[in-house]
Amino acid sequence: MFFASDNWAGAHPEIAASLSHHATGFAAAYGTSDLDRAIEQRFNEIFEREVAVFFVGTGTAANSLALATINRPGGVSFCHREAHVIEDECGAPEFFTHGARLVPVDGPDGKMDPNVLVREIERFPADFVHHGQPMAVSITQATEIGTVYAPDEIDAIAAVCRSNGIPLHMDGARFANALVSLDISPADMTWKRGVDIMSFGATKNGCWCAEALVVFDPEKARDLPFIRKRAAQLFSKTRFISAQFEAYFADGLWLDLARHANVQAQKLKRCIEQSSKIRLAWQPQANEVFAVASRETADRLREKGCVFAPWNPPRSLPRPLEKEEVLMRLVTSFATTDEHVDRFADLAI
Amino acid sequence: MFFASDNWAGAHPEIAASLSHHATGFAAAYGTSDLDRAIEQRFNEIFEREVAVFFVGTGTAANSLALATINRPGGVSFCHREAHVIEDECGAPEFFTHGARLVPVDGPDGKMDPNVLVREIERFPADFVHHGQPMAVSITQATEIGTVYAPDEIDAIAAVCRSNGIPLHMDGARFANALVSLDISPADMTWKRGVDIMSFGATKNGCWCAEALVVFDPEKARDLPFIRKRAAQLFSKTRFISAQFEAYFADGLWLDLARHANVQAQKLKRCIEQSSKIRLAWQPQANEVFAVASRETADRLREKGCVFAPWNPPRSLPRPLEKEEVLMRLVTSFATTDEHVDRFADLAI
Amino acid sequence: MFFASDNWAGAHPEIAASLSHHATGFAAAYGTSDLDRAIEQRFNEIFEREVAVFFVGTGTAANSLALATINRPGGVSFCHREAHVIEDECGAPEFFTHGARLVPVDGPDGKMDPNVLVREIERFPADFVHHGQPMAVSITQATEIGTVYAPDEIDAIAAVCRSNGIPLHMDGARFANALVSLDISPADMTWKRGVDIMSFGATKNGCWCAEALVVFDPEKARDLPFIRKRAAQLFSKTRFISAQFEAYFADGLWLDLARHANVQAQKLKRCIEQSSKIRLAWQPQANEVFAVASRETADRLREKGCVFAPWNPPRSLPRPLEKEEVLMRLVTSFATTDEHVDRFADLAI
Amino acid sequence: MFFASDNWAGAHPEIAASLSHHATGFAAAYGTSDLDRAIEQRFNEIFEREVAVFFVGTGTAANSLALATINRPGGVSFCHREAHVIEDECGAPEFFTHGARLVPVDGPDGKMDPNVLVREIERFPADFVHHGQPMAVSITQATEIGTVYAPDEIDAIAAVCRSNGIPLHMDGARFANALVSLDISPADMTWKRGVDIMSFGATKNGCWCAEALVVFDPEKARDLPFIRKRAAQLFSKTRFISAQFEAYFADGLWLDLARHANVQAQKLKRCIEQSSKIRLAWQPQANEVFAVASRETADRLREKGCVFAPWNPPRSLPRPLEKEEVLMRLVTSFATTDEHVDRFADLAI
């Protein structure tokens, strides 16, 4: 029962097969091969507009270079208090922006409250040089705690960005999981709502290593080839990323894989709702389920072979932990089997 | 006839098979799986000592993080004038070191002249704060122009480093090619000669994406986990790199692949020596052959399907180009077939 | 009535006279003149030990270079939530450390609560690379809100630092004001309590531009000459800083000036305690007085010529503002006259 | 006989007097006082157009922030091989631009040859991401070796910049000396010739510490307040810089001081031309004289109290040094007395 993280899974067989298929022959390096161009074109189709796409190696790279692209001296970016960029990237966003800061914004369910966002932005009045200047807002979709911004919630954040002249970034490490959860189109979840730049993650959803930085207005990406190369993120054999994306997008595989993961998460959710020993921390909407149990129960689950991550209770936890209770994160993926879920269900009753 | 670069090749079938083999199942992420540990152990065996190994995604990352590891304020690194770090990495080494500079050192055959190196280092007297302070020497093995430092040449550079208290870095993007060219052990080509830290490249020699930073004194690598993560080079599914290295090292595959590439380069060399239209720019020792021809000959080769890179004549070119002559770089790899070489031979006569 | 800031004052006549005295003649540049050496020696005497001293131009420079000196990759520094480094330096500390982060620590009276500090440090377990690693603790003495860490309060913070192996920095922009408030020696307020490195400010206390970075273990300052020069903080005519320090330290002028400022602040405090319209926000201990009044009262004070800074109510404000109340900061300095204070007293009744 | 550097002088009495004059009273901090505004207006008058002016503390700061203002990812700046930015700033320009590189350009008399500049720029073709992208050209006026770009020489460099879309920076650490040497207006030596941004130095010409960054198109300076503050170069008591500039510009003092220095340099030149023991290295045009003598002569001069800097012979030295000859730099300033020059003359015969 591997629920530790979606990055404990390997690669979907179609992804592996595509890589092997493209292992032979010669192809231009550094993103200039026919296959690379074809995948860039696929991104245009998926987003229903011309976009600028830059493959990178990690989600941290995508997020950091997104912020580097819209960087400003003394810049301040705003993200949810529990966001990956501020909590789990070892300062990479600050490093690649030469010290631009991240300000945590509170909000329930792992999502920024737009009113709190407004108040935080107001702390940085134009021309008060001592505080710095607003530079970006970053939302995570799906969020770090398995919830999903509804379209009108993205609208509300985007409106704040627009009225303050601040670009909006979306960390889409689990983009596909959010997409199938909302059942809308990629365009409807991003640029049509005001997202300017995004980190498009595929690694957690069945690839080995396939991340992309997508800029919706290609004009604004003019320095990105240099930003990426200087950041050591221009791969020589780019076909090994393109080949993964080729299979990922073929016949809607990516959406199928995300749907599978989300369905398994919903099954876990129902197990927990019916359990007398474990309760849901909040309602899961994508492929992460957070649950509360006594330390004893958690230990027993672990002894029985259930691999999960203990989680620091976030500020926004709706109901505080009781003494001796712990918070557990259970993540599903394309590779989560019914058998794993069923075994968990047996243990959780 | 693809001689543009060794990174135009894909992956060797054994590498691809290993990846597919490890596609299934669950494994701990971020470099903590059993497979990751096993590969680290393989590096110890290969280098005949305990080393610290850090997988990264690109050769530029390996070089840049090597310099970042031994970084100093106002630091100055010394490398050959034609080295990859100074010519072809878009300033990544300067970026990751926050502005540490690279000083070009001249020398014949693409190799630093140790006497010139001494003179360049002397330009930075201790305590003259205005110039900055020496921080690293970096050699490329095999060099950017297909030559190889002989063991005693490495000794001479290492002696300069030692007497100045400067660490020695080796850019081993084509490490295996140099190794089989010299027919010595990895230990004998590196730490036994005074190399402190190296970029171990496997991508050009049959992998898709497998690079490693090797620190010979693990004590000096204590901050590297943070340096790598902050640089967005810690991959989540590290098994996709480990799996490549597993096959790469199995049964000496890596040395076989490098030998094949070198042999094909020697064949090209002999074709050119016998050609009346093309001449060698200098003697190749690894898997790169540089040749001089009239523009007309070069164009005809290209028309006939020979893909190669035009090359800016380096300062150290032994015999200057005649008017209308051009310099061509021909690179062989594990994937270079006899047929390609034979067709080139036919055209070159 | 100028209470806007202590940096609205000019220079004390003795400081100006010393500068004019040293205007003539020739002296070695870049910190190597006899006068520079003599001032460095004065610092040794003042701190009762050999220290390494580096003149810089601004308090922001001193703080930023202090953190740059003890910088670590993925580094995290801890400071009070209202500290100057985190609130008012436009990201300079993050810039000079290439992205090392500042984590706000809560505590009453503008001072870090050592227990909260412990909990914040515990959020960064050794070897959990994703969060980063603790790198420094920074306290401000006197604090940003005019309070002063008592000796045992510094001891408590220093104990946390020691047990976690983290160096302790003191931002002494108002060092002299704290010193005379506590009536202890510079050594007793710093290295004898566990402070490793400090920003020694003289600008706010009667100089034009005289700041210094003091490292208590000179061995740890070996790279600082390069850090400072690379940061564009090595002045050519260093005598213009040394001359200020010469007068500043002569006959205890610096302590007299700080005492004067503190006395004036105490007078303001008593006015406010006796006022029916204004109340103290908290007890002032150095040369800053924070007071609460209705917006109407504040406006009237301003109309009558009282210059002060409106202040965002900090989280640690003991008694929340009533509706229509505002917080005012009143800062005294060596230049604050009795007349100014008396006029304020008249208005405040 | 102090000819070591113009920064061995102190401050002109008028400068010192102005500082003392402004020592009293209260003034708004951080560049917002009436005096600060008045000096900014003086810069507009001096340059005959509206400019954006930013005071900083050192010439290295002015140069580095100028490059930071026009920074680009993977950026490459071009300057003369002997320029201060590339030789004597400990990597500060690289640091403040996060690794943008400086490429040395050769040319006689310490001045870039525009044809060589063209060839160097051509090494960085647009879209060849591996090399980086051209970002700035920087000229020094007067040059590091005491020569001066003639107006048509600036035109030629500016034409190269324009045709390549690269901004032109002027390092004016000795701006006034060049100005009086050419006897043209500040506008004619800068923006009317195509200079976009400049470092305006006054420290070497009679101030203690007064440097400014001047941007000729204020629109392009919008981020500079944040760039400067983040670089720790925003002084709180800016009046101490403004007061220096007030006296510096009053009644053309700055031009008088530069003329004095240049006249003294011409006297040194004539001494040397008449000397049998010393010869001119090249023709001085501003306030620096470079001379060649036997080591014995140089030692004797030093013994007799002549303070000068030994200088590494630049590549562009017209006539190579004989064995046992050394190169000496003699710098004059506002403070160089006739007596010093006469004593030198006596010794030099």
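Per-chain numbering from 1; labels A, B, C and D assigned in written order.
Keep this in mind: contacts are C-beta pairs under 8 Å (C-beta built on N, C-alpha and C of every residue); 3 or more make two chains touch, one makes a residue touch a chain.
Quick caveat, the model's predicted, so the values are computed rather than measured.
Where touching is counted per the definition, the chains common to chain A and chain B are C, D.
Rotating chain A by 180 degrees superposes its CA atoms on those of chain C, with the angle stated to the nearest 5.
With centres defined by CA atoms alone, the chain at the far end from chain C is B. Note: centroid distance chain B to chain D, computed from Cα atoms, is 41 Å.
Per-chain CA centroids place chain B at a distance of 50 Å from chain C. Within chain B, residues 30, 74, 89-92, 95-96, 98-99, 129-130, 132, 226, 229-230, 234 each touch two or more of the remaining chains. Across the complex, chain D is touched by residues 2, 4-5, 7-13, 15-17, 19-20, 22-30, 56-61, 64-65, 89-92, 95-96, 203-204, 208-209, 226, 229-237, 239-240, 307, 335 of chain C. For chain C in complex with chain B, the residues that touch the partner chain are 30, 68, 72-75, 98-99, 127, 129-130, 132-133, 223, 225-227, 229-230, 234.
Remark: chain A residues 74-76, 87-101, 123, 129-132, 312 touch chain C in the complex.
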